[in-house]
């Protein structure tokens, strides 16, 4: 695939910038597109009551795609007396890097900077101190991510099980996939994008999805998809994998999708989702639209959060 | 207040036992009451689109009510080069005891045992090993906790700001509060119970809510409320505080409410919620019923999970 | 006590600066005074073979003097099968802030800066990135801290059990105490300074040793003691407490002793030691000098390390 | 190599048992062999004052031989104001599994059980609860591990760079290596055994040292070396690697060396040491004996500790 230059990346960056659009101190970016009417519309999609998780179980075993595994430790089982009565408690501790590939997580806008600036043009060294974010932190989303999701299932469209590493889904194919759903996709909606990343992992085992020669890479979207997301005024981007194509389509930049979405657009993005249960539900329910609820933990000063977003049909 | 004997506690325990009701291997207890129809009914309550968090921010500072604070650490700010481009990432790490009072959390059924048994009469030493639960773990709820919530606001009913520590709300008052809402409360519903615990903390500062003489205790429910919850077939119990009255009303037992709910009933319970925003929303929206969504993290073998449940009006 | 001005602090700072003394890239400061001959001399003090720990047990319970307790979690007891044989392993996890008051620890020179500079006049924002120190880190001491220690026991000199919070030991009294030991104290030696801080904790319980009004403060040394340490060319300073007097004797500065020692002198300092066993050993062995060995963990990029230094008689 | 049966393992186990030898409540096993005279003898070996670390730097990057990497996180750099003065502090947090292969560590006697019993015939389920050890914990060694070390350098004896994985050093070769040092090895001494494990890692890179087919294994000692250690009354065993040969020489048991040493003998053992600096020092100093000091952290209830033991010449 022909590489895109950094100059072209920066041209796209400028073209999709939402800086100032919702005021100089806005901290939730494209989630502003989700009006109360959109929440009602989303709730109106609940008809069968069926729910599916879009998260992977938190992974506590290091592996090629998970070098920073979560730690989960039982700190007390039922062998320890408590208060003299017959009651006993089991306790545990959970710890994880917010952006570890060991779990499905959501990004705060402070997570990424480009050329020293975060979303809305704030100075990165003022937004983010070594002991916590002073703005654009995870708690900015404490009312939860609630809206209407639409699944674009690229492997299904192509008739394959998954996209191979390095495959960059382009704008035209996304438009075709959106068309194929038979439902609209537009302002305030959540784009749920299936590349089959997790299906490949389930069938072939985990692989190092960093760039070659050490890694094998992964499938994601092309930078030309970003202006389309911007024009549609999508509120959130929920991919399996993390949306990045590896190796990157931009020459000299490893991860161009995140800065375009998070820094320029202020878009709500999540990484390491899985849509295996969702794809089956979409099939069986006969529709590609559903209510989505994702609830970040209330982490003051946090750059991201593990979460377990669900689709409700 | 007259103390209840352990014999009386055990009589109640037997009377509210749901063991075997949903099969010998059931892991979600009273959440079985939440049928697809209940989920649809809950979604049908979404009219204004207003959302409020029922969680407290995760507390990383030790205090009298929070001896096991969460740890939140920035592991990288924007001062560290990444890949030679102008992109930089801020990263952090979050760790916490699942049942710490530093955060709002939900209990898995493996969390509590009575007389060596967990919910459904399973052997506690087989359900819970020192390296994780083998059953009744947090991931049993991975499809999320979704249903219809009804707020019973006891301080409002009484015309006070909060209930004082040691106050045990009895069945009769809960019935009165339910009546006062003007909406039904029954099978598959979530009881959202406000004692004003968090309001007191906001106004007076944190206190040690363990038993005297060291602590000051806290307000909760009386054990006579449990049969009422059982008869109503409530699916979940969402209190501020944790539902326990301290000092306990049961002689010789520190925390009787949790074993009755979790072990005997298999009830979904959550601790350390706050309803200050919710109470205001209930007032302004003019109704005590709403959709509730709470999404536990997918912690395999886990005894609980931090979470951030929301109410949607 | 009359307060010292920041101008006077800065005058002392300049007068005790060892910057450049051991080359521009030196990372161990006053530990350069410990020559092989000093190590031999220290080993020559081993006569009875008696050893005593100078550390407190790592404290996993939050308390008024320990807001950031260590976390120690058993991750596996002997209830979990391993390999089909009769062998089983118990495992655990330990985590702690390097400078938490929950444990005895040693400081790396990167730990402290004054006016944007660390020891040897290095830029603090270059020495210390948000993901680790690039120089002056804990591993600079990986060959261990080995030398000759001399105990100055101020409470014993005064005939009291301990020094009260706020008491600042001055140069003259330190000289008197050194004289009282009957042994020399000079170049390359380790000053072991007992204020009785830990004895007070053992007898009265832990207290908040931050500044009033919230805290009660603690005993330490006066800034006038620093030039004396500098003139003597002491290699290390090992106090109970952490050497700081709280409230500080310097007007407008909370903790003046650490910047003078660590930033200006490049001195090896340790916090939260205890000398209760040591004081008894000194008494029974009839001498105030002994071999000291302290072994920091090999933490690359680390700002400090928990440790358990010992005295050998 | 011919496999040894479990029956033969158990015969050796019985023959080297020190249970009851130092009383029914002894918690330090073979460290009882280290008398004050041995400590003096060790200190007497300090002649040049040269010190070398025998630890590897704590490894925070997961790898094939380090699935449970340590976590080291800067929690504050010099970008965060402290008290209004020009003083700033850098802070960090360190966490690790006590027995992770990410660092050099020492085992407490509670760490291992055989057939439900730990050292001295104690019930493993009473010694080790899910929230900490009740006996034989790390703090039993709080006075430090101090003694006379003797290096047996097997690769040097053989004229190779390192022993290949799967190689089990037998008693006869250890006797030969001990003879070759020209110094005695006996009661209360520390056996420092070099297989070249770390040299191999430095030159070839890390490998999975678990058993084939997944791993490549590692070199260690044969079970027939254990009775020899027992007869010599050695106090401590300090190997690179962890002393175990993988695949094990005992049929049906993965790790026979640890239970023989820790459970049967009550021997002080350490894992993941490195002797590259030591081997050079031994060469240059012209002697294989030296003072050893290792200082476990004071972890109450702990099963092991990271440490950084040193040799002093």
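Should a chain be cited, it is by its letter among A, B, C and D, assigned in written order, with residues numbered from 1 in that chain.
One rule holds in what follows: a residue touches a chain if its C-beta (ideal position, glycine included) is under 8 Å from a C-beta of that chain, and two chains touch if they have at least 3 such contacts.
Quantities reported herein were computed from a predicted structural model and do not represent experimental measurements.
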Repeated interface matching B-D, over half of the contact pairs identical, chosen among C-D, A-C or A-D: A-C
Pair joined by more contacting C-beta pairs (A-B or B-C): A-B
Subunit B and subunit C: spacing of chain centres that average the CA atoms, whole Å: 44
Distance from the mean Cα position of subunit C to that of subunit A, given in whole angstrom: 46
Chain centre separation (subunit A, subunit B; CA means) in Å: 28
Contacts with 2+ other chains: residues of subunit D: 71, 74-75, 77, 79, 93, 95, 125, 129-131
Subunit D residues touching subunit B - in the complex, by the definition given at the top: 71, 73-75, 77, 79, 93, 130
Subunit D - residues contacting subunit C, complex: 6, 35-40, 42-44, 46-53, 55-58, 60, 71-72, 74-75, 77-79, 82-99, 103-104, 110-116, 118, 124-125, 127-133, 139, 142-144, 146, 252-256, 258-259, 291, 293-310, 312
Sites on subunit D touched by subunit A in the complex: 61-62, 67-69, 71, 74-77, 79-80, 95, 125, 129-131
